[in-house]
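Input: structures, listed below.
Same chain, two partners: subunit A is paired with subunit B first, then with subunit C.
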Partner chain A sequence: MAHVVVPKNRLNELLEGWMKNYRVVAPHRNGKALVFEEVKKASDVILNDEITYKSPKEYLFPQVEKIMTFGDGVEPESTEVRKTIVLGVKTCDLEALKVMTAVFTKGKYTDTYFEKNLNNTVLIGLGCRAEKPGCFCNARGLNKAHSQACDMFLTDSGDEYMAEILTCKGEELLEGLQLEEAPSPAAIPQDDNQAGVLEIDGEENVIFNKTDWASISEKCLGCGTCTFICPTCHCFEFKDTVLEGVPVRYRCWDSCMYPKFTIHASGHNPRASKKERYRQRIMHKYLYVKQNFGYTACTGCGRCIRSCPAGMNIKSVVTEIMENLKNS
Partner chain B sequence: MNNPYLPQKAEIMEVIQETTSDLDIKTYRVKLLDGGTISFMPGQFIELSIPGVGEAPFGFASSPLDTGYIELSIKRVGLVTEALHSLKAGSKIWLRGPFGNTFPVKEMEGSNILIIAGGLGLAPLRPLILYMFDERNRCKYGDVQMLLAARSTGDFIYRREFEAWERIMDTNIIKTIDRPEEGWNGKVGFPHILVGEIEIDIPNTYAVLCGPPIMIKSVSSRLLEMGIPKFKILTTLEMRMTCGVGKCGKCNIGHQYVCIDGPVFSMAQLAEMPAEY
Partner chain C sequence: MNFEKQRNEIAAICNTLLGEGRVKVILGFTCGEYEGNAIPFFLRKREDVDKLKWDDTCTPNLARYLMEKKEGAAVIAKACDARAIVMYMAENQINRDNVYIIGVECEGMKDKDGMPAPGCRECRVKIPPVFDILVKNEETGKQNNIATDTSQNGEADLSEKLKRFQNEIKKCILCYSCRQACYGCYCESCFMDRNIPNWLSSELDTGSKMMFHLGRAMHLAGRCVECGACERVCPSGVDIRYLIKEITGFCEELYGYQAGVNANDIPALLSFKQNDREVGFVGGEEDGSCCGT
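Right, the complex of A and B next:
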């Protein structure tokens, strides 16, 4: 599709136009942290090379979402979804949304809440220039500077952004703006991967049984921060309550790091200790999702590494698993 | 696309007290309020909601050929079941389903069937038993032998039906309890021991088992020793299945989700899966 030039001095004009018709979610400074938030003024948007503290997954899959109200019949909530632009999403998070989209919309059943949010969202990507501490998207085979997993992708080229329009939703946002076409389609910046893609390349039972999960997970506190901050983690629980006499059901993020995640009513727990839970986290990301949907559910965003209070490092863990496998 | 999380309102038609022991198991006969039917096949499960309390998965326990209602046999053990056990005929609950795979009833045709159930493990096998016992289907299956185990006589579920089942042609039921009781003329002992006493036509038998994980493990290894092939030993697994549709991420064993790839698995399949159930 087309490439157009967006001069930086016209960005505010664009944003203000979009804000009339859309909820605009973009990186915004909240205290020290750069986070995705709904922005009301163009000047609140921060498009830079920093990586946001959290991914924007909560705008498609909210942390807490009321999904139904019980009455004479049962009413699904959120029938009206706001048209939303999520702006400034880096390659790691765009690729993560591909994983989440596969889980929620592929197969026999579709998660209609996620699908509705997705259909009403326009994703605008933004190229990354430098890897941040903890980042390893390059090792995961991604190009930090470019992704097509969005509706429009922006590349910063000094006084202007090169905008690659990838879908009709993306095209619609630039309608009537009289932007110049890029003189020649800009060369896609490359991000050469020298070391080979970091994967767990092995049979499920072998990795499951031959890895010393107890020693690997020893430091882990089981706090679950890594799962909440992960752009691909999508596990949830239903929670029922009564609001002003009306029974309602919420869908809330859950975490495989918690003992109660898998406990049966009988008390039996298939993942009773930390080593089983940590094994699930790694194997789900690197093996199970890949086997079921074709994607490794880790994009190397590095958030779990940067946020872990105990210094757990998923990149080192995966490397260690592969080294052990080679040596065994 | 249909929203797979939305339940339908249903009414409890009848509550049957199954156990007379300290294990409180009741069977609930329910129907959809809009007059619709829930068509399922043996092995599948449903999600039952009590508004304001929560939702939990239960295996169907009635015949798939009875279209006017479904039955669910439920032990009082957690939040949802505690609330359910306080409900009476006429109370409203909510249902969504059916979910999951089924027992391979077509593949099993022509074979003898050995049913081994421990306690409430008989509930998810009852749809299969009643399906095979239906007069339209009985001739498609060979001998049906059952080894039914319970902790005590008061723990047997569906015991009011055992006599009628035994009267069906080529059917044999062996009952066993954990400890001797006065007046008991059945067996005493665990099913993995007793199964050795049953005459089984090994090359022509499908074994279907359900019970506590320890029973499934001990009985299946005994059956394998006896020479029943792995793919002909079937079981149905229980997991914390929040969504029932392969999204919530709670019920997987390796890459397989018990809610959509199961709950019915053969020992051939389980042998290939990580031991995590």
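Right, the complex of A and C next:
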């Protein structure tokens, strides 16, 4: 599709126009932290190379989502989803949303809640110019400067953004704005990746049994922060509760790093210690999702590395696993 | 450089301990791969001593790991780590004879921005209250200043306090990192994880967040060793400790107990005296000076 030029001095005008019809979610500063939140003022939006501490996945897969009310004579609640623009999503997060979309919609069943959110969301990507400490998207084979897994992709080129329109949803946003077409689409900047793509490649059984998970996970505190801020973690649980006499069902994020995640009604817990739980996190990200959907569910955003209170580093862990595999 | 000197001393102690086979593992620090900050490190061989790090980024509280390594472990303990160990002893969680404590006098650590780390900012105890061997620091004040921190949070008005609290915890995402990093949160089953009864509503609302933070603060009454781990690990940057600090102040004022400073003291939550003051209790004495009541 087309490439157009969005001068930076017209960005605020664009945003204010969008805010009339959409909820606009973009990185903005909340205290010290940079977070994806609904913005009401165009000037609050921060589009730069910084990375938000949480991923924007919560706008497609909310941390707590009321999914139904039930009971005799209870009117089903309207399930209208607000049309949302998520602006300034980096390549790593776009790639992650590809994984999420596959998990929720490309399997045997379609998750209608996720799908509805997805259909009502316009994703606007933003190219990254430099890797931040902890980032390793390059090692995961991503091009930080470009992705097509969105509706519109912005590339910063000084005084203007080069906008690549990728879908009708993206096109709709720029309708009637009379933006100049880019003379010739700039060449896509390429990232060199000499080291080869970091992934786990091998027999599931061998990796499961031959890796020293106890020593790998020794430092882990089991806090689960990594799963909350991870752009691809998607495990959830259901909670039923009664609100003012009406039974309600919620879907909430859950975390494989918590002991309660796998506890059975009998009291038996198949993943009783952090060794098993950490193994699950790595195996799920690097193996199980790949087996089921064809993607490795780690995009190298580096959030878990930056936020881990114990200094766990998923990149080194995966490297170590692969080295052990080669040597054994 | 003081850190350099201390590091060498610690390294020599580790070498001896591991060389003589007196301990199986030493809990220490090494250089993290990300931004060079210190991360927890388990020394098992003499070669590991080369990787030992001791500088002003050694913030993690290592006492937490003792709960998994109750025997044959040595730990490099700053004053706050040692205070946590004192609490573990007082609460019958570890046996003093089974842990070797390399106490290190500490000048305070720095956070990622080079500012004094949470906990270190208002640190009152710089000399470990318990140790088997002490690594001194010439620059540390000669004595611990264990005077009660009476710098209350300013707001005397309860509704002001509530407003500040609610405003602060808005940022919380209920990931419970603070609980996991805290030395004192070692319950096998946390009240937050219970579903019979369910203490939290399912919504990620202020009520749930208040329930968690107030519940945790109450459980830490007179137990917080002011290491700042909860605040350092919070991914959302919530100022979690100010509430617990206030409770710590009440506890010192009312019951004269300071957590983890003296191994022979009985923790306030574990003792009862007939003349204990009961400010804030239902039917207890009414006293405007404490607890903002």
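Definition applied: the second predicted complex is superposed on the first by the 322 of 328 C-alpha atoms of A that agree within 3 Å, B and C clash if a C-alpha of one lies under 4 Å from a C-alpha of the other, contacts with A are read in each partner's own complex, and residues count from 1 in each chain.
Here is the rule we go by: a residue touches a chain if its C-beta (ideal position, glycine included) is under 8 Å from a C-beta of that chain, and two chains touch if they have at least 3 such contacts.
Keep in mind it's a predicted model, so treat the numbers as computed, not measured.
Q: Under the stated touch criterion, which partner chain does A:241 make contact with: subunit B (first), subunit C (second), both, or neither?
A: both
Q: Return first, second, both or neither, reflecting whether A:112 touches subunit B, subunit C, both chains, or no partner chain.
A: first
Q: Could you figure out whether subunit B or subunit C reaches more residues of subunit A?
A: When the residues of subunit A touched by each partner are counted, B comes out ahead.
Q: Considering only touches as defined above, state whether A:147 meets subunit B (first), subunit C (second), both or neither.
A: A:147: touches no partner chain.
Q: Regarding the shared-chain residue A:54, is it in contact with subunit B (first), subunit C (second), both, or neither?
A: second
Q: A:68 contacts which: subunit B (first), subunit C (second), both, neither?
A: first
Q: So, A:222: does it touch subunit B (first), subunit C (second), both, or neither?
A: Only subunit C; A:222 stays clear of subunit B.
Q: Of the two partner chains, subunit B (first) and subunit C (second), which one does A:296 touch, if any: first, second, both, or neither?
A: neither
Q: Per the contact definition in the header, classify A:101: touching subunit B only (first), subunit C only (second), both, or neither.
A: Neither subunit B nor subunit C is touched by A:101.
Q: With both complexes superposed on chain A, which partner does A:261 reach: first (subunit B), second (subunit C), both or neither?
A: Only subunit B is touched by A:261; subunit C is not.
Q: Taking the stated contact definition, name every residue in subunit A that is touched by subunit B in one complex and by subunit C in the other, in rising order.
A: In subunit A, positions 239, 241 sit in both the subunit B and subunit C interfaces.
Q: Give every residue of subunit A touching subunit C within the complex, in rising order.
A: 30-33, 53-54, 63-64, 133-134, 218-219, 221-225, 228-229, 239, 241, 248, 250, 252, 255, 258-260, 305-307, 309-311, 313, 315-316
Q: Report the residues of subunit B in contact with subunit A in the complex, numbered from low to high.
A: The touching residues are 1-9, 49, 51-56, 77-81, 94, 213, 238-240, 242-243, 245-255, 260, 272-274, 276-277.
Q: Across the complex, what residues on subunit A touch subunit B?
A: Touch list, subunit A to subunit B: 67-68, 70, 72-74, 76, 103-104, 107-113, 115, 204-205, 208-209, 234-242, 247, 249, 251, 254, 256, 261-266, 268, 270-271, 276, 280, 283-284, 287-288, 291-292.
Q: So in the complex, the part of subunit C that touches subunit A is made up of which residues?
A: These residues of subunit C touch subunit A: 32-35, 37-42, 60, 64, 171, 173, 175-177, 179-181, 193, 198, 201-204, 229, 232-233, 235-237.
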